[in-house]
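Scrolling down, you'll hit the structures one after another.
In the two assemblies presented below, chain A is common to both, partnered first by chain B and then by chain C.
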Partner chain A sequence: MYDRVKISTGLLVVVLLVLIPFFYNNDASKAAPELTMPTNAKACVLPRAEMRAKHMQLLNTWRDEVVRKGDSRPVLVDGKEYPKSLQLNCMECHTSKVNFCDKCHNYSSVRPYCWDCHLAPVE
Partner chain B sequence: MKYAFPLAAVVALILIALIAVQIPGMQYLFGVIIPYLAVAVFVGGFIYRLCYWGKSPVPFNIPTTCGQEFSLPWIKQDKLECPSTRLQVVARMFLEIVLFRSLWRNTKATMYEGPKLTYESSKWLWLFGIVFHYSFLIIVLRHLRLFLEPVPSCVALVEILDSLLQVGAPLMYITDATILLSLIMLLLRRLWNPYVRYISLANDYFPLFLILAIVGTGILMRYFIRSNVDIEAIKQLAIGLATLHPTIVGPISSLFYVHLFLVCTLLVYFPFSKLMHMGGVFLSPTRNLANDSRMHRHINPWNPPIKPHSYASYEDEFREDMIAQGIPVEQGGPQEAGAK
Partner chain C sequence: MDQKRRNFLKVAGISTLAGLGATTGLGRLFEGAKPALADNATPAHAADNSGVKAKRYGMLIDARKFREDPSLGEKVVRACHQVHNVPEFPEKRDEIKWIWMTHFENAFPEQPTLYPDHATETAQLPILCNHCDKPPCVRVCPTQATFRSADGIVVMDFHRCIGCRFCMAACPYGSRSFNWRDPRPFIDESTKNKDFPTRTRGVVEKCNFCAERLREGKLPACVEACGDTKAIVFGDLNDPTSELRQMLKQNHTVQRNPSLGTHPSVFYIV
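After this line comes the complex of A and B, so read on.
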C-alpha cells in the first residue's frame, strides 16, 4: 500500500469516530430514568403510551388554542375536566418538575424553554 | 426513466420494513441484528475500499491546476489553485472539503441568437450541495443524543442552535427544513437540466431517494405521526446496541423501524457506491498532489528499475561486433593492438 502511514491514520480516525458510541457509554448509561409518579391520581390526561410520545404536541395545541384562539374551555376526558394549562394542570398532579419532567428530559436531551416564563412548582 | 427503478427500490424497502415489523419477533431482526450487520459492513467496506485505493499506484503527477504555477520570483503564484508545497496542498484540500471550492467554478455555457456563446458561473449546485452536506452532518451529530449517555454538551449545543427559532413543540429544527429543501432541489436539478439528466444513472438517483426517505420518515416521526415514538424506549435500544446488550423495551412505532432499516441500507450501500467520495476525496491525486514536478521527481511505482548503462559497459557488451563492423572502439580495438 502506498502512503501507508497517512491512509492508516485517516482510517483509524474514521473508524474511531464511527465507533464512539461503543466506547463512550458505560454500565451507568443503561439505566433508564426513574420517575416519581403522581400519587393523587390514577390516570393522566391521555393514556400513558400516548402521553409519553405526544405530551409536547398536546401542550402545544392547548397553548395555541388558549393564547391564539382565546379558547380556554377545559378539555373533557373520561368525564373529568382538565384546564388547558401547563402550570394549573400538569403540575397539579406531577408536583415535582425535577423528579418527573426534568429526569426524563435530561435523558433525552430536551430542554423545554417553557419555564423561562411559566412557574415550576416550588421544590 | 432511470429514476424509476431506484424509486421502486426505495418504496420496496419501506414496504418490506413496514410490513415485516408487524410480525411479532421481527422487531429484534430490524432493531438489533440488521443494524449490527450494517455497521459491520460499513466499517469493513470502508476500510476495504480505502486499502484498495491505497494499493493503486499513481503513475503521474496530475494535480488539476487552475492558476499561475510557481515560477520566477516576480511572477505571483496562485498558491491555492496551483500549490507547490505541502502546506499549500493542505490549505487547498481543506477549503475543498470544508467549502466545496471546486463546485464554485461550475460554469454553464449558453448559446444565444447571433450566434453568441456566453459562459456564466452557476452556483446552484454548490449552494444546494453545501446546504445538504452541512444539514446532514448536523443531523447526524444531533442523533448522538440517542446513542450517548450522558449527552455531551457539544451535542446539546448543536441542538440548541439548530432549534433556535423555537417554532412549535417539539421544537422545529432548522436543518430538517434545509436538508429537505436541498435534497429536493438536487433531485429536481437531475430531472430538469437536460444535460445532467442525460448523464444521471440509477446509482445517482438511488442515494437521493434513499436519503429523502430517511429524512422523510424522520420528519414524520418527529412532527406528524408521533404515536409510539417513545424517545426513552428508542434511546434504551440505541444505548443497548452500543453497549452490546440490546434490549427492546415496549412497543416502538413501525415508522421508527422503517427509518432504521433505511439507514441500515444506506450504511451497507455506502462503501460500494459513489457515496465513498467521503473517503475518496482525500485520496484524489488531482487534489492531493503538489504541482512540483519541476522540483521533485515523481517516481512512477510501476516503472521497471532502470540500471545505468555507461558507454564503457556498452562497448564491453558489443566490442566484438563493433570491431567486426569496423566501428572505432575506445579500448581493445585493432589500432590499439597494432600500436603495441
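After this line comes the complex of A and C, so read on.
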C-alpha cells in the first residue's frame, strides 16, 4: 500500500471527527431528568403518559380553538374547569418553567418558541 | 443500446401503471396519519358560558370629549398599551402603536379644509385599527395570520405571522406596526401585564379590539379608561337595540376614508 502513513493518519482524523459528538456529549447523556411536580394539584387535563407524549399537540389544538375559532370555552375534566391557556392555566400548577418545561426540553434538545412571546412565571 | 419505439412504449406503459399503483399504495399508507389528537384524547368542553355574544363589534369615538379633556387621550393610549404589553422604543422609527392620538387632517385626509377652525386644527383624536368589514390586510396576508373572526374583529394570530409586512402596505389607515427590534427589553416591568403575551422581533401587531377581554365579558381597555364620559362607546353594530346603534342614530358620524370601500367598524363624532 502506497502512502500508508498519510492514509492511516487521515483515517484516524476522520474517525476522531466522527466521534467528537460522543466525547462532547459525555456529560449530557445521563439519566432522564427528574421533574418537580406541582404540589397544588394531583391531576392534569389528561393522564400523565398522554400529557408527556402529546402536550404539544394539545397546546396547538387549544391555540387554534381559542385564537382562530374563537372558542374559548374551558375544558371540563372531572368536574373541574380548565381555561385553554398555557400562560393562565398550565403555569398555574407548573409554577416553574426552569424545573419543569426546560428540564425535558433541554434533555431532548428541543427549542419550543412558546416563551419568545408568552411570559413565564417569575422565578 | 438500440431502443425501439415499440419497446419504449411498453416500458412507459408499464411504468405508468406501476406509478398509479404506487400512489394508491402510498395513499393507503397515509390513511393512518390522522390528526395528532383523536377526539377522545381532547378533554371535553365545559358548558358554554362565554359572556358577550355579538356579530359585528364596533366603536363610536366622540372627538368632542377628547377636545374637552386633553388628558383623556393619553389615559386611553396608556391603558391600551399597558394591557397589551406594547413596548416603548426610544426612537420614533421603531414605534409600536395600537391606539394613538393624531390631528384631524391625518385621520380624515378625505375631508380637507382650506381654512379649518381652531379646534379642528389643534385638537387631537384617537385612531386605531378600524376592524373593517372588508379588510385589505386580511386579503393580502399570505399565511392567514390576520383574519376576520366570527364577531367581526380583525385578529392577528402572532404564531403565524412571518413578518412579510404585506398587511402594513395594504392597510390604508397605517394601523399596523412592525417589531423591528426585540420588544421585550422595552416593556416597562412595573406595568407589564402578566396575563398577556409579548411579541417577538419580526412580527406585525395592531389593535385587537381587546378580543381577550371580551372573552371574559369585559369591555376594551380604552373604553374602560374613558370611565363614564362616554367618549368611546363599544357594542354590536348588528344589534339595533345596542347603545352603539342608538348613539349612531342620534348623531352625525363619519368613518375614516369611506371611499376606499373598506367599511370601517369605528365611527367618529367630529
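FYI, the second predicted complex is superposed on the first by the 107 of 123 C-alpha atoms of A that agree within 3 Å, B and C clash if a C-alpha of one lies under 4 Å from a C-alpha of the other, contacts with A are read in each partner's own complex, and residues count from 1 in each chain.
As a convention for this text, a residue touches a chain if its C-beta (ideal position, glycine included) is under 8 Å from a C-beta of that chain, and two chains touch if they have at least 3 such contacts.
Because the structure is predicted, anything quoted here is derived from the model rather than measured.
Novice: Could you say whether A:V98 touches chain B, chain C, both of them, or neither, answering first, second, both or neither?
Specialist: neither
Novice: If we overlay the two complexes on their shared chain A, which of chain B and chain C does A:L76 touch? Say first, second, both or neither.
Specialist: A:L76 sits against chain C, while chain B stays out of touch.
Novice: Scan A:P112 for contacts with chain B and chain C and give back first, second, both or neither.
Specialist: The answer is first: A:P112 touches chain B but not chain C.
Novice: For A:M37, select first, second, both or neither according to whether it touches chain B, chain C, the two together, or no partner.
Specialist: A:M37 contacts neither chain B nor chain C.
Novice: Per the contact definition in the header, classify A:V15: touching chain B only (first), chain C only (second), both, or neither.
Specialist: A:V15 sits against chain B, while chain C stays out of touch.
Novice: Output check: A:K54 vs chain B and chain C. Expected answer is one of first, second, both, neither. What do you get?
Specialist: Both partners.
Novice: Is A:N25 in contact with chain B, with chain C, with both, or with neither (first, second, both, neither)?
Specialist: In the superposition, A:N25 touches chain B alone.
Novice: A:V45 in the overlay: touching chain B, chain C, both, or neither? Say first, second, both or neither.
Specialist: After superposing on A, A:V45 lies in contact with chain C but is clear of chain B.
Novice: Mind sorting out which residues of chain A both chain B and chain C touch, each in its own complex?
Specialist: Touching chain B in the first complex and chain C in the second, residues 50, 54, 57, 60, 63, 113 of chain A appear in both lists.
Novice: List the residues on chain A that touch chain B in their complex, please.
Specialist: Interface residues on the chain A side: 1-4, 7, 10-11, 14-15, 18-22, 24-30, 32-33, 49-50, 52-54, 56-57, 59-60, 63, 104, 107-113.
Novice: Write out the stretch or stretches of chain A touching chain C in their complex.
Specialist: It is residues 45-46, 50, 54, 57-58, 60-61, 63, 67-68, 70-77, 81-82, 87-88, 113, 116-119 of chain A that touch chain C.
Novice: Within the complex, which stretch of chain C touches chain A?
Specialist: Contact set of chain C toward chain A: 36-37, 41-50, 147, 149-151, 155, 157-159, 192, 194-195, 197-200, 211, 215.
Novice: Help me check something: in the complex, which residues belonging to chain B touch chain A?
Specialist: 39, 42-43, 46-47, 50-51, 54-58, 144-145, 147-151, 155-156, 159-160, 166, 168-170, 226-232, 235-236, 238-245, 249-251, 253, 279, 282-283, 301
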